[in-house]
Amino acid sequence: MSEDRVQELRAQIDKINLEMLDLLNARARIVSEIGKIHTQMGVSHYDPQREGQMLQALEMANRGPFSNETIKALFREIFRASLALEESQARAKMRVQRKSPEDRTEIALPDGTRVGDGSFQVIAGACAVESFEQMDEVGAALAARGVKMMRGMAYKPRTSPYEFQGLGEEGLKIARQVADKYGMFVVSEIMDQSQIPMFMDYVDIFWVGARNMQNSFLLKAVGKVNRPVILKRGLSATLEEFLYSAEYIASSGNPNIILIERGIRTFEKWTRNTLDIGGVAVLKVESHLPIVVDISHSAGRRDIAKPLARVARASGADGLMVEVHPNPPVAMSDAKQQLTIPEFNALMDEIQRPELA
Amino acid sequence: MSEDRVQELRAQIDKINLEMLDLLNARARIVSEIGKIHTQMGVSHYDPQREGQMLQALEMANRGPFSNETIKALFREIFRASLALEESQARAKMRVQRKSPEDRTEIALPDGTRVGDGSFQVIAGACAVESFEQMDEVGAALAARGVKMMRGMAYKPRTSPYEFQGLGEEGLKIARQVADKYGMFVVSEIMDQSQIPMFMDYVDIFWVGARNMQNSFLLKAVGKVNRPVILKRGLSATLEEFLYSAEYIASSGNPNIILIERGIRTFEKWTRNTLDIGGVAVLKVESHLPIVVDISHSAGRRDIAKPLARVARASGADGLMVEVHPNPPVAMSDAKQQLTIPEFNALMDEIQRPELA
Amino acid sequence: MSEDRVQELRAQIDKINLEMLDLLNARARIVSEIGKIHTQMGVSHYDPQREGQMLQALEMANRGPFSNETIKALFREIFRASLALEESQARAKMRVQRKSPEDRTEIALPDGTRVGDGSFQVIAGACAVESFEQMDEVGAALAARGVKMMRGMAYKPRTSPYEFQGLGEEGLKIARQVADKYGMFVVSEIMDQSQIPMFMDYVDIFWVGARNMQNSFLLKAVGKVNRPVILKRGLSATLEEFLYSAEYIASSGNPNIILIERGIRTFEKWTRNTLDIGGVAVLKVESHLPIVVDISHSAGRRDIAKPLARVARASGADGLMVEVHPNPPVAMSDAKQQLTIPEFNALMDEIQRPELA
Amino acid sequence: MSEDRVQELRAQIDKINLEMLDLLNARARIVSEIGKIHTQMGVSHYDPQREGQMLQALEMANRGPFSNETIKALFREIFRASLALEESQARAKMRVQRKSPEDRTEIALPDGTRVGDGSFQVIAGACAVESFEQMDEVGAALAARGVKMMRGMAYKPRTSPYEFQGLGEEGLKIARQVADKYGMFVVSEIMDQSQIPMFMDYVDIFWVGARNMQNSFLLKAVGKVNRPVILKRGLSATLEEFLYSAEYIASSGNPNIILIERGIRTFEKWTRNTLDIGGVAVLKVESHLPIVVDISHSAGRRDIAKPLARVARASGADGLMVEVHPNPPVAMSDAKQQLTIPEFNALMDEIQRPELA
C-alpha cells in the first residue's frame, strides 16, 4: 500500500522534472539572446547586480519547504549553467583543450623530428652550461643515442642571488656551437621578455621555467615567437592553472607548446618533489598538447631514474627530460640528480627496449 | 532599443524563475512525503537507481540548448538539495555543529574549572612522564601558575617501534600522584580501547592523539566514557574530517569534547608543522566545542612560543597546550620544543597580562 | 706565486685531514668499548647529559676562528656518527630494510600464488561487500581473469559516523562464500585488534587501512597473526614513517607484509589524491617488501585507470589494487572510481599484453 | 669496576676531543688564508674537485671502525663548516638577515607614516580598481579610519587569460587621483620590469605579487627603484626562499622592503589558503624587515576577518592587508573575501581597541 503511494508520488515527480526541464531550456534560450545583444553592445555577460536582484525576488517569493539558502544555491547553479553554456562555446574555443580523442598537437622540428606524434622523445643535457668542454662531452654522448633536443641553459633561476646564475649569452653561444656540431636543437630557459631578441639568435626551443609559469607578460611574449615553447608546471600549480598558463601562450598566437611535469611540492623528504604521474595521465585526457616528464627534478636522486623513465613512457607521455653531466659531483648545480654519461646510456637502453615500442 | 529588448527578455526570465521556484518547492514536498514512507518502511532515503532512471528520462526528453551533461548536473543538484533538506534536519541533529552564536559547550572539571566559558585555559606539562622527580618539578611549577590540566603521558605513539614508548601504567601512577599533590587533573593519551578500564583509575581527561583521529573504534569507545575527551587534529586532516571525528564521540554519548589544533603537514621546513590559525577561527564559527591551540607541536621550536601564545589567545581559542620540561635537552622526546620552567613562567606572564583579559 | 702558496697550504690541510681521521677512528673505538660496557650494565647508550658536558668543555677551550656554534655542530655530528656506528648494527637488524639487491620478501599463498617474486599480481573487487549477488557477480569476473586476491571489505572506515559502515560479520561471511566458490583469497580490512579472532574465521589476508597506519596497537597485534598483512600508506605519511609502521608488524613477528601506495594528500583537485610513483620506486630501493599500487583511491576517477595500471607495472611494483563493481553509480561508496566489469576486463587486457611480461 | 673503566675511557675521549678541536681550528685558519688568495685571484671558493680528491685520500687511508661513508659524511660536514665560516661573513653581509634583536628596518613614507617601527599599519582597498566611483567610495572610508596605504591595483595577475586583467594605466590614474584627494599613498602591483617608468608616475609603493616572487629580473629591477617594495610570499614558497627573494631586491640596492604573508597552499578546503602565522613569527626572528599579514587571501572568506586581524596583531606583525569593496558581490574579482565598508569599520574598531596598543 505504501509502495503504491510511493509509485504515485514518483509519477508526480517525473512530471515536475519534465516541466522544469522545459523551463530551464526556455530560460537558457532567453539568456542566450540577451548574451548576443550584450556582445553587440560590448557589455560583459556576467552581471552580478542583476543576479542579486533575481535572487532577492526569489527569496521574497519563497514559501518553503526549501530554505532561502537552498533556493539561492540552486538558482546560482542555474545562473552558472547559463553562463557556462555561453562559456562552453568560449571553452570550445579554449585552444589547449582537447576536443576529441584524435585531437593532438604535433610539434615538428626543422629536421623532421616530431613531438606529440606518438613517439617518445628525450630532452637531455647538463643542468647548466658550464664550459665548452663540458657541453661538448655531453653533446657527443647525446647525439650518439639519437637525442635531438639538448639542454643549453645559460640563465639559471636560483633561489639565492649569490648562487651561480648561469654563463649568460656566453653560455648560449657554447650551446649553439655544440648543438650545431652534433646536429641537435638548443632548448634554453628564458626568464624575461627582454631576452627574446637575443634568444632568437641562439635558441631553437624556448623554455619557460616553473618559477615563471604564471608570469603572464613572459607567457604572452613567447606566445608571439614562432618557435616551440616548453612550459614547466609551477612548484605548486594545479593542473587547471597549468593549462591556463599554456592558454596564455596559445591565445597570443603560438600553438607549439610542450608541457612538462616536474613534480610538485609536498611534505615527502626522500624525493626532492613528488612526481604527479596521475596528473600526466589527466593532462593527456584534458589537453591535446604534448607532455614530457622531467625525471630529474621530480626525483632529485639518480638512483630511481630508470624506473621513472619506464613510468614516464608507460603513462602515455610524449617524452622525458633528464639531466646528464660528465662529472655530476663537481657540477655547479643539481649535483645529486644529474646522470653520468654511462648512467645516461643505461637509461637509454632501458627505454629503447624494442618491446616497449 | 536593444536595452528595451533586454528588459523584455529579463521580464520573461523573472517569470520563469518564479515558476521554477514553485516547481522546486512542490517537488520537495513530494520527496519529503516519500522520505517519511521510506523511514516507516526502514528503507534508505538515498536511491541511486531511481536517480539513474530520472536522469535517463530527462536526457531522452532534452531538446537543448542545454546539453545533456548540463541538465544532468543541474538535476543532480536538485536531487542533492532534496536529500539535503532531509539531512538538514539530520544536520540540525549533528551534535558538534554550532546552531547559533550563543551555542557553546562548556566543560566543567570537578573543582569548578571550566573550559569553553570564555576563559583561556592552559594545559601543560612534560611531553612524556619520565620519572617522579621530573613530574614533581614540573608539577610544582605548573601549580604555582594556576594550571589545572597537567600532561601525564605514559603511552607515547612513536614513529619507530624502537623509540621510547612511554612508562605505561607506572607512568600513569606517577602522574596521578603528582596531580593529587598539587591539586591538578591528569590529561593522558589513550591509544587503544582496551586501555579504558586502566585509564579510569588514573586519568581525568582522556586524550586521543593525531594518529588516532580516525580510529573510529577508539572514538566510539571514549564516547561511552563519562570523562572529558581532548581530540587532536590529524596531521593532514581537513577541518571537516576533524569535526566528523568529534561527531563519532558525541554521537556515542559523550558531549564533553575539546578540540586541539596542532599544526598540519606542509612543505615548510623552518617550523615542524604549520599552525592553522585560520582553521581555529573557522572551527569557532562551525562548532560549539571548545578549541585549544598546541603551540609546541605546531612550531617544533621554542623561540616562537610567546608570539604563538598571544596568537592563540587572539584567535578566540579557549586555551593553549604547551610542553614544559625541567631540562629539555635531555628529554626523551621533543627536546627542541619543550620549554624550560623559566621559559614557561615568562610565557604565563605574557598571556596573563591583565589588558588581554 | 700565490698558486704555490695555495699548494703549500693544501699540503698542510691534507696532513691535518689524516690526523683527524686517526683521531676520529680512535674515538670511535673507545665509544664502542663504552657501549659494550653499557649494554652489559643495561644502560642506554645515548647519554645527553654526558654530551652536554663534552660540548661545554669544547666551548670553553675554543679559541676560534670557528665559532662555538660551529664547533658544537661539528661535534654533535661526530657524536651522532658514533651512535650511528652502533645503530648501523641495529639498522642492519631493521627487518624491513633491504640489505642487498637480491633481498626480497616473497609471500606465498596456500595455492602457490606468490607476491613479490617478480610477478605482477592484481588485488581487485568491490569497494565494500553490499550483497551476495553483487559479490558473486564481481567474483566470477575476477576469477575469469585469474585474480587470486579478492577485496571482501565488511568494515568501512568512514569520515562520518552517519555513512555506511559496512555489513560487518555478515559481509565477511559473504566474502568467504564467494571466494571459496571461485577459488580466491579474501582480503579484508581490520580496524581494531579486538576483531582478530573473528577475522581468523573468514579472512586470508589482513588489510590495515590508511587511517590506521600509525595505530601501533593494531600493528603489533597483526604482527602476531600468521597471515599476510597488507599495510596501506597514510594520507600524509612520509615513506620513512610508512616503513617504520611496517617495522612494527615485522618486529612483532610477522614478516609477510605487503605495502600499498594509495596516493598522498596534496592541493591538486583534478585527482582525489596524488599517486606517489617516485615513492614506489624509492621503496623498492629501501625495502625488500613487496609493494602494490592502488590505482583507484590514488586517482579517484576511472578514466585514467589504464595509464595508471601501465605506470604501476612499469614502476617495478609487484602488483596493483583496483576497485570493481557491477554497477558503480549505485555503489554505496566510491562510486566515481570503481570500474565496471567490462572496464576491468579492458584493464586486464592492457596489463596482460605479452610484451610487458 | 666497569664504572671506573668507563671513567677512564671517557677521559681519553675528552683528550681526543680537544686535539680535534685544535686541528679543526688550525684547518679553518688555513682554509681562510686560501680563501683570501682565491678572492684576489677571482676564483670561486667552492672547489668540488679538490674536495673529491681529499675525500678519496681519506677513503684510502681509512682503516675503520668508521665506514668510508661515515668518514666522508663527517669530512663533508667539516668542509661545509669551513665554507660556512667564509659565508658567515657573507651571511653577516646578507642584507635581510636580522643581526641583533634591536635590528629593524623602518620604512618612512613622505608624510611621516612609518612601517616597522612597532606601530600596526593597515593597507586596504579594493581588490582591483574598477571605476572612479568605486575607488572614491572606498578611499573616503579608508581615509576616515586613518589608513595611509591604499590598494590601487590596475594590473591583475589572473589564472586565465580570459579573466578581467585590470584597467591598466587608466586604473593607475584613478588610484592616483583618489589617493591624492584623501592624502593616501598608492600601493600597486607591478608585473614586468618594462612597467617601471609608467609606475614611477602614479605609484608610491611597488607591490610584487605571489606569482612573481621568484621572477628575479623583476626583483632586481625593483631593487633599483627608490620607492618601497612590498614582496608577497609565493603560494608554496618556503620562508627561506621568501627571504632570498627579498635579498634579490636588497642586494640590488633597495633596502625598503615589506614582506607580506598571504597563506600557503595546502589540502584544506574550508579556507582558500592556510595562513602561516608561525611563519610570521619565525620571520620576525630571522629578518629585520617589516612583515604584514594579508587576512583576505589567506582566508578567502570574510567571516573570520576579525579573529585573523587580532591574530595578525598578536603575532608581532607590523600590519595587515585587507580588501574592502563598496559592494563585494558585484566585484570583478575576489567577491567572497572583500569586506563591505561597514565590515571594514567594525574590523578597525576591533584592532584599534586601546588595550591592544
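Note that the chains are named A, B, C and D in the order they appear, and that numbering of residues resets to 1 at the start of each chain.
Here is the rule we go by: contacts are C-beta pairs under 8 Å (C-beta built on N, C-alpha and C of every residue); 3 or more make two chains touch, one makes a residue touch a chain.
Remember, predicted model here, so these are calculated numbers, not experimental data.
Peer 1: Among all chains, whose Cα centre is located farthest from the one for chain A?
Peer 2: So the farthest one, by centre of C-alpha atoms, is B.
Peer 1: Looking at where chain A touches chain B, is over half of the residue numbers used by both copies, so same, or under half, so different?
Peer 2: same
Peer 1: Counting in whole Å, what is the centre-to-centre distance of chain A and chain D, each centre being its mean C-alpha position?
Peer 2: 28
Peer 1: Averaging over Cα atoms per chain, report the distance between chain C and chain D in Å.
Peer 2: 37
Peer 1: For chain B versus chain D, what separation do you get between their C-alpha means, in angstrom?
Peer 2: 31
Peer 1: Chain D: which residues touch two or more other chains?
Peer 2: Chain D, residues with two or more chain partners: 236, 240, 265-267.
Peer 1: Given the complex with chain C, which residues does chain A contribute to the contact?
Peer 2: My answer: residues 236, 238-240, 263-264, 266-271, 274-282, 284-286, 298-299, 301, 303-304, 307-308, 310-311, 313-316, 355-356.
Peer 1: If we count contacts the way the header does, which residues on chain D are in touch with chain A in the complex?
Peer 2: Touching chain A: residues 48-49, 52, 90, 157-162, 165, 191-194, 211-212, 214-218, 220, 234-236, 240-241, 244, 247-248, 251-252, 265, 327, 329-331, 335 of chain D.
Peer 1: How about chain A: which of its residues touch chain B in the complex?
Peer 2: By the definition above, chain A touches chain B via 2, 5-6, 9-10, 12-14, 16-21, 23-34, 37-38, 40-41, 50, 54, 57-58, 61-67, 70-71, 73-75, 77-78, 81, 84-85, 88, 236, 265-267.
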